[in-house]
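Dropping the structure in here first, questions after.
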Amino acid sequence: MFEISKTAIHPDSLRRTLFDEAAGAYCGFEGWIRNHNEGREVRSLEYEAYAPVAVLEAQKIFAEAASQWPHLKAHCVHREGHLEIGDCAVWVGVSAAHRDEAFQACRYIIDQVKVRLPIWKKEHYVDGDSGWVNCERCAKAG
Amino acid sequence: MFEISKTAIHPDSLRRTLFDEAAGAYCGFEGWIRNHNEGREVRSLEYEAYAPVAVLEAQKIFAEAASQWPHLKAHCVHREGHLEIGDCAVWVGVSAAHRDEAFQACRYIIDQVKVRLPIWKKEHYVDGDSGWVNCERCAKAG
Amino acid sequence: MKQITVRYFALFRETAGIDQETRNLDAVTAADVFAATADRHGSSEPRGHCKVAINDVMADWDTAVEDGDTVLLFPPVAGG
Amino acid sequence: MKQITVRYFALFRETAGIDQETRNLDAVTAADVFAATADRHGSSEPRGHCKVAINDVMADWDTAVEDGDTVLLFPPVAGG
């Protein structure tokens, strides 16, 4: 399941939703706002998301993960709005029978979420400037 | 840092110790007691650990991770004693600048912890039987 | 001509100065809509950088647009 | 002969019925200690399955043992 949240993400209560008596492994990923990006000092950040399309695209990503690694439980929450250094911008949690599938599915989901969902971030720099950040794959494409 | 704990593991408060303004990624792994192993129904579990050697060996594992992925923060806690289905047996948390190193280091640490530390588990089965579990690598070797 | 509602997001919205508008466009594909609204979003080359959705469903740049469609123009995404 | 304190863990402790004992052994290496105490721990082949520590430091099976050493015999580990 995927959701866009306007309020702080609480990984501990979210991971409880993935408890399963048959699950032996849990892998969680969190993206935190760090104080630097591409050589510039970051003060804070603004996330914009278009939820109707983001939710549909996330459902496709989860279906892809489920077809590769059956029997896993997965969940992802992404923030929108204003975030400060240290805030959690995105959380992905996966529980599965064994650790190999938990790690792989968690990694797959965050990698796809980052490049496919209509979510944008604007960085506010310490020097007063600001700018929209291009995603990694787009930056490579030129 | 590594520790053996006689009481419940609380991942949420543990992960706070890894907060770092320069860290953009956190990867956490938890091993949960599941209700089955190698085709048998498990009721509960007993972990035995020999802490003096486990702590020394874990320090080596953390040093190996730090030499491969500099600038990361990592922490691991392993339970000893009696555990029930759903209990957290081991937690590994890693924070780093980027997600690639966080995932890789977390995976490296749990993989090594499982095969190198003097920790044993005795499973109590639903049918009343019980038995010590051999580690994965040992089982393959033998 | 087709009546198309065009929605601008993030950088495109800031550049356009508006969230959305309805225009009569001589457009066959989503790429045509992108080109015809360059005066608003200010970008010349969508492929490999930008994404598009039609009526809230992700689409390709060569997907056909119909009269009455809402076309969503997404600048390079940066989730996570 | 060397006076060696041998400690048994997990399955070995259960099989031996004791935590530890001090014995006079004709042993050059850790593997010799393992073989000489098979009557206690009940296992015949340590390599690839079991681990050994000497005086709380992980060792190899061909590490030499000295008079007064404490040798820790670890059955196959299963952390996590």
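Going in written order, the chains are labelled A, B, C and D, and every chain counts its residues from 1.
As a convention for this text, contacts are C-beta pairs under 8 Å (C-beta built on N, C-alpha and C of every residue); 3 or more make two chains touch, one makes a residue touch a chain.
This is a predicted model, so every value here is computed, not measured.
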item	value
Chain whose Cα centroid lies at the greatest distance from that of chain B	C
Separation of chain A from chain B, taking each centre as the mean of its C-alpha atoms, in whole Å	24
Intercentroid distance (Cα basis), chain C paired with chain B, Å	49
Distance between chain centroids, defined by C-alpha means - chain C, chain D (Å)	72
Junction residues of chain C - those touching two or more other chains	80
Chain B: positions in contact with at least two other chains	31, 99, 110
Set of all touching chain pairs, with the criterion as stated earlier	A-B, A-C, B-D
Complex interface listing, chain A residues touching chain C	31, 48-50, 52-53, 56-57, 78, 89-90, 110, 113-122, 132-135, 138-139, 141-142
Contacting residues of chain A [partner chain B, same complex]	11-12, 15, 19, 21-36, 85-86, 95, 97, 99, 102-103, 106-107, 110
Chain B-facing residues of chain D, complex	9-11, 14, 48-49, 51, 53, 56-58, 72, 74-80
